[in-house]
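Both of the next two complexes hold chain A, though its partner changes from chain B to chain C.
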Partner chain A sequence: MKSLVTVLGVAALASVPLWADAYLLHVLVVTGIFMVAAISLNLLLGYAGQLSLGHVAFFGIGAYASALVSLGFDISFFTLKPKPVWMAMLAGIAAAGLCGWFIGRLSFKVRGAYFVIVSISFAEVVRLVAVNWVELTQGPMALNNIPPLTLGSLTLWKKPENYWLVLAVAVVSFILVKRLVGSKAGRAMIALRENEPLAASVGVDVTRTLVLATIVSAAMAGAAGALYAHYVRIVDPDVFLFIYTVTMVIMVVTGGKGTLAGPVVGGLIFGLLPEGLRALAIKPETQWIVYGVLMVLVVYFLPAGIVPALKRRVRWIS
Partner chain B sequence: MDLLTVRGLSVRFGGLLAIESLSLEVREGEVLSLIGPNGAGKTTAFNAISGYLRPSGGEVLFKDSNIVGRSTNDIAALGLVRTFQKTSVFPSRSALENILIGLHLRSKQSALAILLGLPSVARDERMLLAEAERILSFINLQNKKDELAGALPYGEQRLLEVAIALAAKPKLLLLDEPVSGMNPSETASFMAKLAEIRALGITILLVEHDMKMVMGVSDRVVCLSQGRIIASGTPADIQRNPDVIRAYLGERHKRAEGARPRA
Partner chain C sequence: MDQLLQHFLNALMLGGTYALLGIGLTLIFGIMRVVNFTHGELYAFGAYMMYALVMLSGANFFVALALAVVLGALLGAALEFVLLRRLRGADIDTTMLVMIGAWIALQNAEQLAWTGVAKSIDNPFPAAPLVIGAVSVGWNRLFVFAVALVLIGMTYLVIQKTKLGKAMRATFQDRDTAALMGIQIGHIHTVTFALGSALAAAAGALLGPVFVAYPSMGDLAAAKAFAIVILGGLGSIPGATIGGFILALAEELGAGYVSSGYRDAMGFLLIIAILVFKPTGLFAQKERIG
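Then we have the complex of A and B:
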């Protein structure tokens, strides 16, 4: 029953390009990319209970690494010839995963508020590198003319193909998190979130578990960044802006952290909302006021998030 | 044979010597109780033995290898598992999931196999689930398997806690005041359960204030006071030991006992 609903839902989503216009598709692609990032953040924040306020760093590293490998670069000690985009995307995922490993190792020593500070600082440091290492990143001049992904004879210039690619990545991310959560590894993450001393007493390796969570989460965020780079086809240091992390956190928290569907629902609502409000042609300032008020209302009335609240309602009816 | 040997264990908190050169051994298959007045250092000793606290001196030999300085999860993997004095479960998870977490060490899933969704993972999950249900029945909580651990009554949470520890397949189980806060009938049924656990071949080191329980289940009793062992022996010996009585009741107990005016 549940899997049938999922399949039908995915099929419905896959049919969108058949009727939607280019504008809506564009909005959905960007929303989908952020949804992937939100799904990855949910693993760390919702399940492992680690608030990473520098999550955008993994997103940006994925975007930059993928863009650079596909464009090639020439710095004083190293030259790289342009590589195919699929290889570049994998490199972006790997680079983000590697940074995730590094942050995961750190989180063994620093927890709670300290982890939050370390993650914010990490994102800021990476942003400053992107701004100042002009030789590699072109700094504020941005990397442009990034090629789109080519699969066989098909190059993804158009929006429908990009939409399907993003949808596929989102489905894969969702499945990966689902597998983790329903396994020994995911239970260990939840155990750490709920009661760390008790988890350790039954043999849960705290470091290993957190490192696994951050690697997978970071690699997934890196994949989102790589999708972004080859869709928008320009990457500048603004991809590291703190506001993007905030957006991801809003998607996860309002949707329901620690639930599989949470970041999907939250991502859809808070990804489409700004565009929807703009379509209503109210003043820009008013748009953000409405956005803010809605967010406060959701957090106030559904503190556990939309998905847990819906589940409770369904259980209550049946 | 000694399963656990503690030699010259000392724990210092700044200027306070919480445990001073503690030595004891736990023999395979026995129930050894550690008693003593509040602040005697019982829980501190537990923390030092199970790796939650680094002792300032001495060694802890478990199965003849020194485990001082090893991580708590390594120690658990060797077969030394503890429970906590304050009720400690995974509150927002169901009772069954609590046990599944406890089965962590018995699961053989690798991260890669999980991400790839290999059938071996599903097989392992089924095995774990069956095992978790078996453990819940053992501890008589099979009817509560879908209830959130945090919503269970206090006595059942304490049972669940022991079940989580049992899931980790201990050779030596350290129980820190398992019946504190239980009513007498709950305590009595826990004592019976303890005998069953023992019959599984699990050695038990117990910290407990409930003297009826200590005297009822222990093979040997060690009494700590102010970080030092003041007496050890069979329950009957301990009950008669004047040092133990003094530690618990103070010097003036004699006056209380002997204060009956002579005719």
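Then we have the complex of A and C:
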């Protein structure tokens, strides 16, 4: 029953390009990319219980690394010839995962608020590097003309193809997190979130488990960034803006952290909401104020998020 | 050599304000266990109050400064009362999310109220700097440093010498036992948050006229405050004081000898160094190590 609903849902989503106009499709592609980022954040925040406030750094590193490898670059001590896009995307994922390992190793030496603060300042430093290392990143001039992905003889120039690609990546990310959470490592993460001393006492390697969660989460965010770079085809230091991290956090928290469907539901809501607010001619500042207030209200009145609340309602009715 | 001396002097002047920011943040964390993401917005609030009072209402500079600090304390008390009062005892992640929401809302409200254009604020000090031998320092910088030192001293006195301070220290050490001894924890939390916010607003009101006021100025201030607090050890006031001066020095030397573009990256490099070599900070109290 449940798997039937899932299959039907995915089939319905896959049929969208057949009837949607180009603008809606564009909004959905960007929403899907952020949904993948939110799914990756949920692994850390929802299952391992660690808030990454620099998640946009992994996203941006994935975007920049993938763009640079596909364009090639020439700096004083190293020259890289342009590589095929699929190879570039893998490089983006690897670069983001490596940074996740570094940040995890560094900050999980100490518990508490350290990971939050280290991750947020890491994102700021990466942004400074993107602005200042002009030789590599073109700084504020941005990386332009990033090639789209080529699969066999098909190059993904059009929106429907990109939509299907993003949908496929989102489904793969979802399944990956589902499998990981059900595995031994995933159960260790949840045990840590619930009671760290107890988990440690039954033999969970605390630091190792948290670092693993950070690597997987960062690599997945990097994949979202790589998708973004080859879809929008321009990357500038603004991909590192803190406001994107906030968007991911609010998607996860509103949808329901620590639930598989949470970031999907939250991602859809906060991917489409700005378009609705724009239609009402609301200024971007007001939109962000609404986001901020909403975040506070969700924590007060729906602390577990929308998905668990809905589940309870459904159970109550049946 | 003269250049190095000048860098040290600049760092000393700037460090006082950094210490104010760090002390406010570390107090709130130590006593309330709240990672205060609105700290930077209180800093921006202080600067904008100076703009409103000095430039729009024509108030006296020094009166405006005092008023800005008081208004910062009131805003802090209001934030604590509205947002945090009912979350007492909630885990650190929950309060963190609420504070992030408040941060985003406050910053964009500032942008709506004052527009994105940077505002400069006049100050009554002579423009010609004070020259001592080969180094020089602006009178406004000197004033900022002096006021910062006075405020730091006052904070120490309040915490070490008054009954209120004793209650704050007791809450810091053990909240439950302090409550059993008849300390009104809710009251202490409001006062702590107001005090921390007043210090952040003071830093903003002092530095606003030195630089300019703009809506996202708080982000950088908050990032620096976090670096300072990690440097000194979360919850340590002497640590935050010295951390403020260390960060200012690292930034001055980094901007002077490495690259001015990476000035604001120095805080992160210090955090990395401290986490690698002494994870609990220079003045650690009792944060657990895993």
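One rule holds for everything that comes next: the second predicted complex is superposed on the first by the 297 of 318 C-alpha atoms of A that agree within 3 Å, B and C clash if a C-alpha of one lies under 4 Å from a C-alpha of the other, contacts with A are read in each partner's own complex, and residues count from 1 in each chain.
We take it that contacts are C-beta pairs under 8 Å (C-beta built on N, C-alpha and C of every residue); 3 or more make two chains touch, one makes a residue touch a chain.
Just so you know, these numbers come straight off a predicted model, no measurement behind them.
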Exercise for the section: Based on the superposed arrangement, let me know which partner A:L106 touches: chain B (first), chain C (second), both, or neither? Expected result: second
Handout entry: Which superposed partner A:P303 touches (first chain B, second chain C, both, neither)
Key = second
Exercise for the section: Would you check which partner chain A:V206 touches, where first means chain B only, second means chain C only, and both and neither mean what they say? Expected result: both
Handout entry: First, second, both or neither for A:A22, with chain B first and chain C second
Key = neither
Problem - More chain A residues in contact [chain B versus chain C] - result: C
Problem - First (chain B), second (chain C), both or neither touched by A:L80 - result: neither
Practice task
Determine, under the contact definition given at the top, whether A:I282 touches first (chain B), second (chain C), both, or neither.
Solution key: neither
Practice task
Using the superposition on chain A described above, determine whether A:V118 touches chain B (first), chain C (second), both, or neither.
Solution key: second
Exercise for the section: With the two complexes superposed on chain A, say which partner A:V249 touches: chain B (first), chain C (second), both, or neither. Expected result: second
Practice task
Using the superposition on A, tell me which residues of chain A are in contact with chain B and, in the other complex, with chain C.
Solution key: 200, 206
Fill in the blank from the handout: Seen from chain B, its contact residues with chain A in the complex are 50, 52, 71-73, 76-77, 81-84, 88-93, 97, 100-102, 104-105, 107, 109, 111, 114-115, 117, 121, 124-125, 128, 164-165, 167-168
Fill in the blank from the handout: chain A residues touching chain B in their complex are 175-176, 179-180, 182-185, 187-188, 190-191, 194-195, 197-206, 212, 216
Problem - Partner chain A, residues of chain C touching it in the complex - result: 29, 35, 83, 86, 92-94, 96-98, 100-109, 111-112, 219, 223, 226-227, 229-230, 234, 259, 261-262, 264-265, 267-268, 271-272, 275-276, 279-280, 287-290
Exercise for the section: Show which residues of chain A lie in contact with chain C when the two form their complex. Expected result: 49, 51, 53, 106-114, 116-118, 120-122, 124-125, 128-129, 131-132, 196, 200, 206-207, 242-243, 246, 249, 253, 283, 285-286, 288-289, 291-296, 299-300, 303
